[in-house]
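Read the structure below first, then the notes.
First chain written, first letter: the chains are A, B, C and D, and each begins at residue 1.
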Amino acid sequence: MTDQNSFGVLGGDQRQVALAEALAADGATVYTHGLERAEPIPGTKAVGLEELAGKSSVVLLPMPATTDGKRLNAPFATREIPLDDTFAGYLVHKTVYGGMMGRVTKTSALWDEVEWDDYSIRDEFAIRNAVPTAEGAVEIALRESRDVLLGKKVLVVGYGRIGKVLSRMLHSLGAQVTVSARRERDFAWIHTLGMRAVCTGNLADCADFSLVFNTVPAVVLTSRFLAKLPRGAKIIDLASAPGGADLEAASRLGIPVIQALSLPGKTAPVEAGRIIRDTVYHMLEEE
Amino acid sequence: MTDQNSFGVLGGDQRQVALAEALAADGATVYTHGLERAEPIPGTKAVGLEELAGKSSVVLLPMPATTDGKRLNAPFATREIPLDDTFAGYLVHKTVYGGMMGRVTKTSALWDEVEWDDYSIRDEFAIRNAVPTAEGAVEIALRESRDVLLGKKVLVVGYGRIGKVLSRMLHSLGAQVTVSARRERDFAWIHTLGMRAVCTGNLADCADFSLVFNTVPAVVLTSRFLAKLPRGAKIIDLASAPGGADLEAASRLGIPVIQALSLPGKTAPVEAGRIIRDTVYHMLEEE
Amino acid sequence: MTDQNSFGVLGGDQRQVALAEALAADGATVYTHGLERAEPIPGTKAVGLEELAGKSSVVLLPMPATTDGKRLNAPFATREIPLDDTFAGYLVHKTVYGGMMGRVTKTSALWDEVEWDDYSIRDEFAIRNAVPTAEGAVEIALRESRDVLLGKKVLVVGYGRIGKVLSRMLHSLGAQVTVSARRERDFAWIHTLGMRAVCTGNLADCADFSLVFNTVPAVVLTSRFLAKLPRGAKIIDLASAPGGADLEAASRLGIPVIQALSLPGKTAPVEAGRIIRDTVYHMLEEE
Amino acid sequence: MTDQNSFGVLGGDQRQVALAEALAADGATVYTHGLERAEPIPGTKAVGLEELAGKSSVVLLPMPATTDGKRLNAPFATREIPLDDTFAGYLVHKTVYGGMMGRVTKTSALWDEVEWDDYSIRDEFAIRNAVPTAEGAVEIALRESRDVLLGKKVLVVGYGRIGKVLSRMLHSLGAQVTVSARRERDFAWIHTLGMRAVCTGNLADCADFSLVFNTVPAVVLTSRFLAKLPRGAKIIDLASAPGGADLEAASRLGIPVIQALSLPGKTAPVEAGRIIRDTVYHMLEEE
């Protein structure tokens, strides 16, 4: 029998730990599985997979739910959790939420009978995660640079969620921020914030930046652009692999490219867990 | 014969004056009509309507192009400029851009043969105009308030273009800003900026604001909300008539409602003219 | 007999009204005199001068206490309140606080027997008043300019209290702010805030500002500087008369000089009264 | 014979390297000694101590010039550089600038004949170094925290140079900043910036902070204060040893205290070198 306010938290990294803790702090009954090697989580109970599925009214998979399409993403688990018919079978007719669920739901035909949904495709999830991502990018910039951010000429490529939050953060720290985008409406928004805008297509014409943050998952930092960067310039790439830089050219030119992925879970797991929790609450309200 | 880089600027207020001046400063040939009572505009030539239409490659109507659907909006003209077949006839086969053109193009069947377009419906136009609007709203707030903005509890109703720019501006001046919106994604954005968000539907539950800025063209400031405002509260309404406040209730409760419309043209005509110019340039490039 | 927590509020403008109201709101007994023509102040009692002096444990004179050295500064009084032996006689052995008290205390030898002090010379008073002054200056700038502040090149002359608060406020509104100062340490501070610094002595070498705010009470805006300002430039002078601009040159060059004095009392009397109240509380604690 | 525009850069860490590089980039002749193990510095010449002293018109010691009072602070030197009569003898009648010079000048009577000065005691040096220090503190905060800074309750103890720059930086990143100080004038300044102020003496009464930055070199973070901090709180101590926290109590309570000293040289040596250079230039101008 399931408690109406009970959650099963399955696998994942520090943010899944933080999620379990946040739910428990809200008074929910929380079962965990696949977090055996994390520190004990106050107010939660570690159980077997079957028990977790049986007792939880909502099962929460990590973000991303899988990295290889075969096993649950569960770095803290003592043993692997295969994504197979057995796994899916436990979840049939349950409410299951996870992040980047696509590949998970192809692992068994039984997923058709699971009431699953993906929290990572919701706008609010992505928008709020832009904050820990941007803060993580600022941390990397401060760590990697031998100079202050104040007054530094920096470029943010892309004006999506991360570009919006990151450019404003750098601007408020006193950097001279240029943002590259493609649409007139984005240029207009960048203008309203007192930042300089350039067209992503014309980047090679203005490459006077000592720090470049990329958020676009396409090769926008071409060898022509890279060749024009000043000595000592660095690139912090926030876009998923293969990222936005011509890596071969960067390597040849001696320009460091720092790949920075999944920042929320790494730099601010507490907030990242809170964001999953809030998003899940909204999804439950909408049901 | 028309010069390829010639503009006819017709009617309008100070921003149309500024538009003419900005175009002339860019080196264009500029003809004007209906601005007789404005101060002389350097580098432009006042001509008759027929001459203007004949010589200009692009004719620019004001924003809004008409206020009554019968005459051109031309407060600086020495005589009225009726919107009729004669007027439309001059413009046939010409490129004509104006603001809020809907009613103008219904004044004559000849408009079907005019290559007209509306600059005011373009995103970039509305976004950039949010800055002079927000600055004008801040000016009104500073003028009407007997207290400082720093630390003041203010509410911005609506998170569209004006709400976005205005709330950030008030926040940066040190006001305690709450923004009301309706969508989870807007709440998430407001959250990323460190401001408080409330649901527009629940405004009556939290009415502890000494200053309320409305941007929503619907009665969201109900009598129930107004009744809960603290003594001395004021409302600055930026939404087009009839605005967002229950005026009868506000009057009964003694709450001043300051209607503030068409702020860009009033408070920053130079920027407002520049915005029309830039938008027109983009429209011409896209042709 | 005096109540230990009773104040006599004498003369003054809207900020003295706000002071009386703020003290009453804190639960003090408040007597007023010389505010007859202001709106009624909730929780206070209008009395004669003798009664006020007799019943109040602390008497509060306005800021400034006098403008002509002969009469109390009391624009809301129904009749003049002369500063003479009679006036001083009422206050003998009383605690009396006022603003810019110098000339008042020279009006009678009896002031030697008054326990008076000047709240306006205290750092905290001047620092906090820089906020309503700066907000008032921003209001004037928004009102007087035909362009937006965003991106505008502005100069703030002087980096004292008002210069510090005003420059930061303009910077946060997106203006391109240059501050002029004289000392290396001020240049360093301006630098830490991401603003440009110039030497006040070299102003004439860089006059590309469409808006100049002066806070220095000496003629720093020379004819040579004024002559180099771009067309349409305006000066907002916050320094006490005769201000910082060569008025004859400004007039000849057609550059408007807007004198803006005593802004706190005019633009934010509520905060201005609160600042007097808080300063008086601190003075009483220190006794 | 010395070149009028020649500098001898002696010992030091990365910021001394950056100083040498910055001077060379300005066109000066630069000799170095005691930087043998650093990467080669473009445009400079490594020489012996005697040659450096003989050829340089100005000799620049590092910041701090010594850490033990016996040897030059020279972590990149291949061998120790003792501070003795020989060392001082080379510098007699030379212009020598260094940081924290006190102990150096007690190592030989010959220092009486050296024209030495200390750049580190100048206001401008300390003010500008507050920026790399504050950025370094933000980097540590971002790295050490498992949560975002946005919305976080943080305390900055002390409102000197570092407190001023750091609190504003945290505020602009969206943290909820409280600053502790001791003087009314500092409270007033903190108030003008929209931050909360508390009295350093009363810290134990308000300990709801998840992150505490200390800038005061005295034990202000008492065991009573530490005991009231919420679970997971961390302290970043920027004050020189022994810092501002009761370390025994912190250890007992399990509160991490991160000592962060000499941040400019570690996190932003390029800017730190530039600051020394600019300060030295000003000192030379004043001679």
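As a working rule, a contact is a pair of C-beta atoms (placed from the backbone, for glycine too) under 8 Å apart; a residue touches a chain by one contact, two chains touch by 3 or more.
These numbers come from a predicted model, not from an experiment.
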Equivalent-chain rotation between chain D and chain B, CA atoms, steps of 5 degrees
180
In terms of C-beta pairs in contact, which of A-B and B-C ranks higher?
B-C
Averaging only over C-alpha atoms, locate the centres of chain B and chain D and give their separation in whole Å.
51
Between chain B and chain C, what's the gap in Å when you average each chain's C-alpha atoms?
36
With chain centres defined as C-alpha means, what is the inter-centre distance between chain A and chain B in Å?
38
Could you pull out the residues of chain D that touch at least 2 other chains?
131, 150, 192-193
Partner chain C, residues of chain D touching it in the complex
122-124, 127-128, 130-131, 165, 168, 184-185, 187-189, 191-193, 282
Chain D partner contacts - residues on chain B that touch it in the complex:
150-151, 174, 192-194
Listed in rising order, chain A residues that touch chain D in their complex are 14, 18, 131-132, 135-136, 138-139, 142-143, 145-150, 169, 172-173, 267-271
